[in-house]
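Have a look at the structure that comes next, please.
The chains carry the letters A, B, C and D, assigned in the order they are written, with residues numbered from 1 in each.
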Amino acid sequence: MNNRYLQKEILRISGADVSKCMRCGKCSGTCPAYDEMEYHPHQFANMVESGDIEPLLNSQSLYKCLSCFACIDRCPRGVEPAKIVEAVRLLATRKQGANHMTANDVPAIVDEDTPQQLLVSAFRKYTK
Amino acid sequence: MQKITREQLIDKASKLLSNGTVSCVLGWKLGDFDYDVTPAVFNTVEELNEGFVFNDFCGANFSKYLVAKTGKVDGKILVFLKPCDTYSFNQLLTEHRFDREKVYAVGIPCEGMADIAKVKAICGEGVLAIGTDGEKMTVATLYSDEPALIDAKDVLAERCENCKSKKHVAYDELLGEEGDVIESNRFDEVAKLEAMSADERFAFWQNELSRCIRCNACRDACPACTCEKCVFDNPTSGVENKSPANSFEEKLFHIIRAYHVAGRCTDCGECSRVCPQNIPLHLLNRKFIKDMNEFYGEYQAGAEVGMRAPLVDYTTEDLEPGEVFDRRDTDA
Amino acid sequence: MQVNEYKPLIVAFCCNWCSYAGADLAGNNRLNYPADVKIIRVPCSCRVNPMFVLRAFQRGADGVIICGCHPGDCHYTSGNYYTRRRMAALFSMLDYLGIEKERTRVEWVSAAEGAKFAATMNDFVETVTALGENKRLEDLRCKK
Amino acid sequence: MQRVGVFVCWCGSNIAGTVDVEAVSEALKNEPGVVFSTNYQYMCSQAGQDMIKEAVKEHNLTGIVVCSCSPRMHEATFRKTAAAAGLNPYMVEIANIREQCSWVHKDILTGTEKAIILGKAAIAKVNLNAPLTPGESPVTKRALVIGGGIAGIQTALDIADAGFPVDIVEKKPTIGGKMAQLDKTFPTLDCAACILTPKMVDVAQNDKIRIFSYSEVTDVQGFVGNFEVTIKKNARFVKEDICTGCGACVEKCPMKKNPNEFNLGMDNRPAIYIPFAQAVPKVATIDPNACTMLKKGKCGLCSKVCTAGAIDYTQKDEYLQEKYGAIVVATGFNPISMDKFDEFAYSQSKDVITSLEFERLTNAAGPSAGKLIRPSDGKHPHTIVFVQCVGSRCDACAQKGKEYCSKICCMYTAKHAMLTRDKYPDTEVYVFYIDVRTPGKNFDEFYRRAVEEYGVKYIKGMVGKVTPEGDKLKVQASDLIANKQLHIDADLVVLAAAIEPDKSARPLATMLTASMDTNDFFTEAHPKLKPVESPTAGVFLSGACQGPKDIPETVSQAGAAASKVIGLLCKDKLTGNPCVANSNELMCNGCSACANVCPYGAISYEDKEFRMPDRTTKVRRVASVNPAVCQGCGACTVTCPSGAMDLKGFANLQIMAEVDAICK
């Protein structure tokens, strides 16, 4: 039941139509972060379609996606995997205390020259 | 209240007549009263100076007159078109109803026309004379010594309150400034009816349509009703019916008339303007327009020449007739 | 059988190629539906003029149903697409005028769907029977 | 007033079991117009039909109503009976009291009641029937085939074989089409040229067939049996009837560096050229954009070397008017442009090629004389990656790809992969696929052989990116089964580009008033039962113009189209369906609404002069229906606001009379 809810939420947030996926794998074939990811773009689409959401929510893959949108650009069916990843990421960050990173973690890993803007967008992506 | 004056129009018409551009002028002349303006043909400058008028009661849409007139006149006809008239003009061109070459169209701006019923509602019966004074209107009646001074805005015709466009979509020459298509609330009244129960709607329409006296004014003024022979006048059509002998009007005439002009009606509002019984006939046409906009995408008849109306077009994905109600019922 | 039992009058326009054949198939398979349904054969559902529909109501029909080939299967390739638009507009207008929307219907019945034809007619007759007589569009003066 | 005879059939007990036939014939006796009413066991039997014929004579009947089974069953029978009795066959109406009455109702009272009403409706209708005669039109016994590929060639040969003259219009300088560019054909691997060129020669030698090469159709008028077509013969600056195709001019032409279309620009041809050795007609053509004589008036070398004197620099485009009875569209296909698929680096690297280019590369008559080499450096490729579904089944953005499956790619890719491994066993061959679709005869066996015998590596997954790096192509792809991202250093990447209808198809469809789908494929009259006819009568479809097709399918469809054409041309006259629309021009507004909804383009407009009541004349635009083209659907009748348009046999008044009779 919960999965059905999460699945619906992901589809609602992303606006993606996972049923259109033809299992061609072009998204994963194109993904520059493929090696870093436990679950790959096509798996995101397929697992959301089958309602297998929990493993995605708990996977570090969420934060490995660069949001480069190459998968969206090249998908022949308009499935938009990056938006699905983004939606799952949002669900993860919306959970209380489920942030991947807190503000306190930041100084240690930030280079001095890092532009302010990058930090802001990084926060948008990794926390809520 | 109109920004363009009678003199400007006569001046323009006289020039075009004198230099031979046009051979006659389609314009307005006074009837028995100031508010009783009728369409007329002027052949000479003298006739223009004598009879031509332009005031807040010049609502008549001339587009339709071109159908009959263009075939009969040598040379071009000068026609003055308000923005809403230009839509009918284009729609008739789409239907090949007159020869564009035989018309010289002058677009004129319109600030909205007045509704005499509204004037009478404020000033009472016995209207003798109506004058304009800027944004105000002076109304002299039989029963008052002083002419009443009323706000022109308060007596604007319904169709002008909900004006859909101040833009001229067709003309050879434009007098005054070009306006824009307007976001109007013209479907509000339809939506209000739609929100009623079926019984309420039935009662409403029975009350309205049963007043019909079958004078055929709506049909005769409608620029979409230009059939060579109307089915209701045609003994071989099977639905000939010339007088209000039974409930034909409520049950068939107005429905079929609205259906026949569906997709071609530009919502010029002439039907309601000319109805002596004040039946809001435009609400039938607007229902079709609103439905077709919602079902098949926005469509304004007459916006361009050569457009294909929704009812002579289709897509394979159109909604089913039954879904029309499902949609409405789930929205509600 | 009760003497005064209300029997509606249903006019069904059926296209020659699909629905009329579907009705024939219902007959071949002896699938019952009420005798209140009277079928008029037209070459294509797009032959049905809204005037015919109103005429039927005016003359006392209690329900009008138009049957055609399924969208995409029209013998004339596009006829039923036009029907779909015309009738959607007409039915919406009738509803707007306060006529019970259940009295009008469009159904797509193929030549193979005898069972669907019978089921559709059973359902439609039941619906219209529940509504009772068509008083709103009937013109008593047209009745003999 | 008609004199109507009513004949109620018992159909044994089929009708009489649930309907009191006696009561029906009795009740219908008093209907308006009815002068005779009877019933009989089997109306369709000889005795029953004789009964009708006698009654017609005896009672001077002008109309007949048969209350019997469905008109779909015996309408034709009773129409013949009426004709035999001297009546117009269309003065017969059937009341369906079997399928739609006795068989579906159990109660004899309700059954009888309904049968009477159905009978009344039929009588009401027949009272308004008018005799109808089907229109007749002559047939021009010549066919036009537009397109000279394998589809057009086969159609033309089959039609000519039946004895009818055929013209082929081909826009290229030679017939042969795409098949002439292919190397081998699946699944048998016989060489395309070996099976195609004999057919081309047959066409050239057949005295029933004329070839208009380097020509196009610019206008089509008329209708089935009577088309008038304007053909534009483009100036080729060589007199076709004199040129011997010796090739001396081609050899001597100094302007040698023009991209060779036949080899898809992979090598060059002179300004004067013959596309390939077996071209038909084997005639040289001058490319006016490349020839210095035509551009600047200097050179004239070809004219000097031509011993036949065939060169004519002053030649002009020529327009021919021809008449045809039938037109076959065989305009074929093209691979789509790869410009929008940047991810495969098609425009960046010469070593990323389309399958059709691969076809030319492996063809013995191709730019590399059949040696499989990399176009960039002429080296032998050791790793080849084939990518399927490039632009096919791609509905995400219409400007880029096509939503449909191109159908032929799976098989030709298997062929390419197999042939490569066969000739060059040292080559590694990968095929990336989404699905492998092999539903033809011996197709799947063929694909399995590529995998099992030839060791082609089929990988389920798509290539995401191709990056040229040094002399390698870095291919990044996914292997969905192994759930791995693959990185392959390839020497050559071959894209199975989606195919689309030829660009000339859309304007042609407009000329023919033939309908097309959103992808510009011609639509067939019925997807199952009329696959080679277009909805426009007299226009037939052959080959890939109707949808993606391989050669065997194209040839069979070409034959089918030919047989339909032959069937049409065999007739001396065409008799139409008399139940067609007709417009009352006195009432017609000329608004064009009817023409908008007519699926057959049967309605045209003309300006006509009318005398007005006041003795003036007025010119009005009015509709007229071509009865040979109209199929009688009636869409126009409803769209006509004035009711000027009506349908014979199903007229407004007739249907309203039926409504009235039922609602009485």
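Assume a residue touches a chain if its C-beta (ideal position, glycine included) is under 8 Å from a C-beta of that chain, and two chains touch if they have at least 3 such contacts.
Small disclaimer: the values here were computed from a predicted structure and weren't measured.
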item	value
Comparison of B-C and B-D by number of C-beta pairs in contact, larger one	B-C
Interchain centroid distance [CA atoms averaged], chain C/chain D, Å	35
Distance between chain centroids, defined by C-alpha means - chain A, chain D (Å)	47
Per-residue multi-chain contacts in chain D, two or more chains	597, 639, 652, 656
Numbers and ranges of chain C residues touching at least 2 other chains	50-51, 55, 78, 82, 86
Chains grouped in pairs wherever the two touch, ordered by label	A-D, B-C, B-D, C-D
Contact set on chain D toward chain B in their complex	586-593, 596-597, 605, 616, 618-621, 639, 641-644, 652-653, 656
Interfacial residue positions of chain C with respect to chain D in the complex	9, 11, 16, 20-21, 23-24, 26-28, 30-33, 35, 38-44, 46-52, 55-56, 59-61, 75-79, 82, 86, 118, 144
Contacting residues of chain C [partner chain B, same complex]	50-51, 54-55, 57-58, 71-72, 78, 81-82, 84-101, 104-106, 136-139, 141-142
Contacting residues of chain B [partner chain D, same complex]	71-72, 94-97, 226-231, 234, 236-239, 260-261, 308-309, 311-313
In the complex with chain A, residue positions of chain D that touch it	343, 389, 391, 393-397, 401, 432, 434-435, 460-465, 476-480, 483, 485-486
